[in-house]
Every structure is written in C-alpha cells, then in structure tokens.
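Input: one structure, supplied below.
Letters A, B and C name the chains as they come in the text, with residue numbers starting at 1 for each one.
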C-alpha cells in the first residue's frame, strides 16, 4: 500500500516536471518586447504607457517585469551572461558605464539621428548624461530627481519656523549659517531643552535636528548639497577622474558635519548607519535630506504632516544633485527595432505626460512635470521645493560619471565610517582616501 | 566460518561492481553535470580575466599571484576566520546543552519542534528580522534597553559588536537544527553504561566527560565540520545587515568575492578567490577530521 | 527502562529550577522574534516606526495579509504603502510545492541509492569517488551558480520547474554523505541472510535497507524540503517569470524597492508568516518521526 502511494507520487512528479516546458520565442508575426524596471510604485504608470503604446502598435506586445532594487542588477547580469536579458531595461547612471564599456548596450545615436528625435526638450542637461564623449548614446532621459529638506511640520512650527523660513535658509562651513541655528532649534534633549540653550545636553538627545543616511562617495542626500554649495566639485567634469576629496573646502564641509554630531544636532552614525528615515518617522529626528523619489514614502509612512523645503543656500547658492533614469536596449535583443520604438515612446512628451499624472516621479520633459505637480497637489503635497531647484538656473549639478565606481564607493564609505566613528580625523583620512582613489587610475 | 555461505557470498559480491554502477548512476549524472563540470569550469575561469559579460582570456596564474598580495583579500579572510570563531564554538556548546535538555529535562516533542522553528525562516528573512529587532533607533530591543534608562547598544553599527552580532543571528537560526542532530547522537548512548557509572558514584560532570562526550564524538565531528564549511560561506546576513561595515569589521570573504565578481566585473579574479577559499576549506576540514579522529570509534 | 530513567534524571530541586529557568529563557529567545514577526504583520504602516516598543500596536490591521494574498487591488495596496507588484499567492505556493516535493522525492531516492552503494557495495575507486563527492561540499556555491545557470539555459530549461529543480534533483553531496553515515550503522546480518537466500541487490535495497533507514530518510526529506522551500538565489535567476516564481522569490518584492528606501515591513512579515505555514505543517506532521529514533554513526 505504502509503496503504491510512493509510486503514484513519483509518477505525478514526473508528469508535472515534463509538463512544464519553456515557451519558444516567436520569430514571425506579433513581437513581444520584454521590459524590466525596479520601482514597483512606478509600475502602474508604465503599464498605462504600455497599454497606450500597444494600442498604437498592435504588432508589438510589451511585457513588463518588476524586480526589487536588491535583486535587479544581479538578475540582469546573469541574464546577460545567459543571453536571456530583457530587450529594454531601466538603467541607472551608476551602473550604465560598465554595461556600455562591456558592449551590452545598443548605441541608439544612429536611431535618434534617423528619427530626428529632439533631445533639447529634456531638462537640466539630463540628456548629456546618457551620451558619451565619443558620440554614442545609451538612453533617452525619462525622469529626474533632486534633493530637498524633508521636515516634520509640527516640529518646525513648535520651534518657531514657518514653511517660508525653512525654505530660505543659508549655510556656510564656518558657523553653519541659519541652517545650523535651524537644526539646533529643532534638537531637543531628554530634559526638553533645545540646541540653542547653553545647557543643552548633547549626550542625551531625544530628537535630533537632522538625520542623514551613512555617507558614501556621492553623498547624494548627505554631504553633496553642502560641499558643492561651498564651491567644491567631485572632479573636473564628466568622465574626468581627478578627484578632489582632499580639497580644503571639502574637508571643512565634512568637519562641519562631524561638529554637528558632537553638538548633538546631527544623529550619530551608529543610529543611522543602516538607514536614517526610521528616526524621522519615529519623531527622533526633525529633518532629513532626501530625494524626490522618496516623497511617497515619507507622506505615507509618517503620522504627522510632512513638508519639503529647498536646500540651504551656501556660498555658491542652492546646489542639488540631479539624477535621472533612462531606458536602455540590450545588445542581445532579437527585436531591436521594436525595442527602439518603445524606448522612443517612453522618452516622448506623450508618455511622460502620462507618467506625470501618476504623481510618483518627475518626468524629464517639462509638460510632464506640470502633470506630476498637479497629481502631488491633489494628494495635498507641496513638492515645489524639488521642482524649483530643478527649474531655477544653476541650482542643480550632475554627478560625474567615472570608471572604478565600485572601488571608489568602497574606499569612501570606509573612510566616512571611520571619520564618523571617531577612529580617524577628517583631514588626514580624506587626504589618504583621495590618494588611494587617484592611484586607481 | 563455514565454507558454502562464504563462497556464495563472494559470488554475490562479484556481481556488485555492475550493481553498484546502477545504483550510483542517477546521482553520478547529477554529480557530473552540476558539481564536477562547473567546478572544472571554475578552475578554468580562475585562470582567465573574465569580466562576466565578455569572453574570458587566459592569463595563467596571474589572478592567484595578485591575490597573494591583495591586502583586502587577506583582511576579508581574517574577518571570516574571526567570524567562524565567534560562530562555531558558541553554537556547538549551545546545541550540546539544548540536546541534553531535550534528552534529560523534557522529552516533550513540542519543545523539540519549537527549538527548530527559527530554521524554517529563509536566511534573508532572518537577517531582515534581526536588523529590525536590533535597530538602535526603532528596534524593540534597544527601545526596551532605553526605557530602562540605558544607552542603546550599537549591535550592528559598532566595529566591536557587529561581527559577534551577526554570529548571534546565525546561531539563533541554526542552534535548534544542530541540537537535533546532537540529540539524535545522544539516543545512541547505551543507558546501561551510564547507569553503571552512576552506581559507581560518578558525578554528572565525570559522566559527561567520560561517557557522553566520547560517545558523541563522531556526531559532533559531523556537526562541527559541516557547520564550519557553512560558516566560512557567510553572506546573506552580512549583505543585508552591515554590507561589510562599519569600516571593514564584517567584510567577509564571500562579500569580497561577490563584490569583485558582480560589481567590479572581475569574475576571473573572484573565481580565483573562491578557489583559494575551497583549498582552505579542504585543509581546515582535513585538519578537523584528524583532530577529532572523525572516522574512528572509541567503543 | 523507566526505572533507570528516573535514576538518571533525579536532580536536586535547585538544579532542576536552574535548568527549567534556562529552558524557559531559551524558549523566550527562540519564540520572541516570531511574536514580533506576527505583531509587525498586524501593524499599519504609519505605526511601524512610531510605536516601536508596543507589545501590540494601538491599531491592528489585517490589510498586509490581504495584500499578500492578493485580496486587495493594486491601487489600494499602494495607497496602504505596499508595492504595485502583486503576489500571486496561490500560484506561487503551488510552484513552491511542486519544486520542493519534486526535489525531495527524487533527491532522497537517488541519494539513498548512492549512499547504499558507498556504504555496502564493493567496487573499484569507491573511496576515491566518495571523497570526491564529499569534497564538493566545500566548493563555494558562487562558483557553481553561473556555469549551472548557463547549462540550464542551454538545456532550454529556464523558467521551468525542471530548471529550478535540476541542480539538486539527482543528488547533493550532503544527502549522500548523511545517508551513508546512517547506513554504515545498520547491522549487516539481515542483508547477509537475504543474500544467502539468493536475493538480488534491488530486493535487498527495497526490502531491507529502505525500511531500516526510513527514519533517517524521513529526516533528510524534511531537511531537503525546507531547504528547497527557502531557497532564494537559484530560483530567482532561473525562474524570473511570474508563472514560475516560487513563494520565497515572490515575497522578495517586499524587500528594498528603491535604493535608500525601506522594506515593506508589514507586507514582508505577513508574507513570512504565511510562507511558514507549510513548513511548520511538515515539521508537525513528521517531527516526531525525525527525532524519535534516529541512530547516527557520525564519520566512518
């Protein structure tokens, strides 16, 4: 009896195993273009785009797969090795130079020229990020982001600041400007004194004025707003590798952050090494710096009203890093022409207007931004801090794209770890780190 | 021995060569296809400059030469060895203790079941769960500590505690599983032997050292050798909780391999590092078998 | 037996008290995180970080379970702070069952055949071959991953059940090793008698070895099932397509969505709770058999 059951189970398994065979690629007739992205919040927007696109192109089916950021790149790489990657994938500035230099991306410059795509419609020089110095192009911009101050409205009101005041703070590396006073006023110790009180107890802080994620080589939402507004720049420009982490202006900026930690205005490294936003949502920090892609997160996971303010203006004015995504075509795609049609569509005003209406991301074309602002407005969110930085001339900069990104990131992360843990001082370790980076090239 | 059965037995043994092949065949196919061939490919790739996406080009022993002088590599090896020393002794002692409790204090199979539960969660979930529990700002453990008026403990964010904390997380997941195998070993100890010792007036400690441990030695050897192999390959927990930091406190060898292979596109180099890890594991396992006389029995 | 038990287990009141206290502590340490998993799965998103010490959140919700089970439509799920990607729970759990049961049955069967050969049969190069089997335990799995992926792709098995099962379907070194150790401990008398009666190898294996090893095989089966159920990396790269995703892979979407984001804690904990139900069931069903009577001979 037992044996019979076993045999039946065995047989059942064999049948199940054999029954599940892979589908073969169709070579003629309607074509399926595979598309992958990582942000699930954007999935509905792109599904709508796919729907519209398929209505206009009945011969092409768009199949969208979403994979979270954590698995996205490893998954994509194994698929490239196996020759099964998606035709079109959402690409990131930190990742694309490697894919490009290893010949995995289709150079779309000839197609752009052939179809006379106007690349001047995109905002803030985003377009240049996806074109290389030797005239190749690996993507058309589809969205952008900027950085702003995210604050707890109740807390800034309690500290006597209005939204307008928070929106026009200034900063310098010497005395921290009005921004330092702002975060001092927002810091509260366990006895209820704030950071402006001379008896403020920096050892027992109940709420920090500012919390930041752990620092890496870009410091996108950490040091970059301060350092760049202090007339500093990472390197001498796009594709340049002459790093300036040893510049006195940079060292002074980092030293200011270290001082803020010691004064108890900035949450210590140990509390934010993993992630700073839990401190904010749990009311243990009054403000954070974060990117526009996190708007939805903060507004939905906080129990208090959240506001967004422009970054403080340093000696060089307001400076926000701007970044953008684009869609790239994989070199192994069997349907490059159809894939290009899809990429071109996603970079068009029509698609970006559609994406805008979902209010999850800022499209790269200005008309789409208007839709996005309207959508955020409908949710009761004033996100103009992000868009003003993007549209005011000179308030954004782009991150320099370089080789050896992974090694640089590793060196700088470890350097900042040891600075903020108090193992080494800012000046000597940054100088040493910069030397190590220059030695990579 | 009588003659006829022996002869007949030998006759049946003669047929065993062919029979053995039949019995081994399915596993041999799987072994060759999914273990030996990839391992050989690994050896080949470790001699190339494969960048993951291009064609591998033969470079001889260059990768190995570079690894020998690569400070990061040896540092990550050292961190891994430290991790193994945090992980294995504590896990084994705990497992032994739990197994004794299962055997002597409560025979309840509910207890045995409960102890196994952490092992039912996937690695990744365990890592995220503990990241959440140990968080200095919003984790329940530190919130409790703070409500007692103490400073939060920086489990995963200080250079001293990060590695032991990660070891603790993995001990939590594996101790029940390990204890169960030790418990199975305890069942093999003849009661009479211990009874006799008890009648002779041996203390519990003497009984433990003289009887229980020697009987358990083969099982403990199995447990320790397989856990050490697993422990050297720690990755998920680190990748999720500390990503190698603070500074390089938890930068283990697997992270080194993964980062070089998949992020820096130095797959040939990463494969060579894996091969060195393999050789080290072979050496360590061989040494352990010798020390624990794993293949011999005391009785 | 009961007599000797009581003699051996006689403890003074104090020792007993300490032992029970330690046992209680152990149970607490083991179970508390699970309680926290469950508690978090009932916590609304806005309270996740605001009531970190509350034993139970002030407001409880079952919506995370609704999202995991796909009972809540996508727009609403995003509004609740979830992901836009839906988990097709029924399909994913079926996939996990097919893969885990398939691997368990075949791996245990074929590995026990190999273990029988290594433990009982004499053939040339036996020790060498066995040493080779065991040594592959020590090859870092990362070395195997890419070649195996390419091989499975060349067999046109990507996105199939067979592709996900392939590397562990026919054997794992651990399974062969584990079972061989048990078989070495089995008394030879029965088999020898059977051989004398002229029984063939097949009969000896099926009628004598398998019944004698039933508990060990059951133990291995449970270990294999749970490991396969929880496997993440391999099914992720081989079975990306929605219709083939296993549950563990599908629940991966509750992890990081964007760089610097937070995992979807509520959804993840609800998913983890639900994903544990089958493995817990297996443990309860077979747990007694596993632990009650396995003899183990360690290394031979």
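The criterion applied here is as follows: a contact is a pair of C-beta atoms (placed from the backbone, for glycine too) under 8 Å apart; a residue touches a chain by one contact, two chains touch by 3 or more.
Here the structure is a predicted model, which is why all the values come from computation and not from measurement.
> Check every other chain and keep only those touching both chain A and chain C; list them.
A chain counts here if it touches both chain A and chain C, which gives B.
> Hey, which pair has more contacts between C-betas, A-B or B-C?
Higher contact count goes to B-C.
> Would you kindly tell me how far, in whole Å, the mean C-alpha position of chain B lies from that of chain A?
So the centre of chain A lies 37 Å away from the centre of chain B.
> Could you tell me the distance, in whole angstrom, between the mean C-alpha positions of chain B and chain C?
So the centroids are 16 Å from each other.
> Touching two or more other chains, which residues of chain B qualify?
In chain B, 138 touch at least two other chains.
> Show the residues in chain A shared as contacts by 2 or more other chains, in ascending order.
74, 81, 278, 282
> If I count partner chains per residue in chain C, which residues reach a count of at least 2?
49, 52, 146, 252, 255
> Can you list the chain C residues touching chain B in their complex?
1, 4-5, 7-9, 19-20, 22-23, 26-27, 29-31, 33-34, 36-37, 40, 49, 52-53, 110-111, 113-114, 116-117, 121-124, 126, 129, 132-133, 135-144, 146-148, 151, 166-171, 173-174, 176, 181, 192, 195-196, 200-201, 205, 219, 226, 230, 232, 248, 251-252, 255, 263, 265, 268-269, 272, 275-276, 279-280, 283-284, 287-288, 290-300
> Which chain A residues qualify as touching chain C in the complex?
Where chain A meets chain C, its residues are 9-10, 13, 16-18, 20-23, 38-44, 65-71, 74-75, 78-79, 81-84, 213, 221, 275, 277-278, 281-283, 290-291, 293-294, 297, 300-303.
> Which residues, counting only chain C, touch chain A once they are in their complex?
Of all residues in chain C, those touching chain A are 45-50, 52, 74-75, 78-79, 81, 83-85, 98, 101-102, 105-106, 109, 145-146, 149-150, 153, 156-163, 165, 236-237, 240-242, 244, 252-253, 255-262.
> Using the touch rule from the top, collect the residues of chain A that touch chain B in their complex.
By the definition above, chain A touches chain B via 73-74, 77, 80-81, 98-99, 102-104, 214, 267, 269-274, 278-279, 282, 284, 406-407, 410, 413-414, 417-418, 421, 423.
> Note which residues of chain B are touching chain A in the complex, please.
Those residues of chain B that touch chain A are 51-54, 131, 135-138, 152, 154, 156-159, 241-242, 245-248, 259, 262-265.
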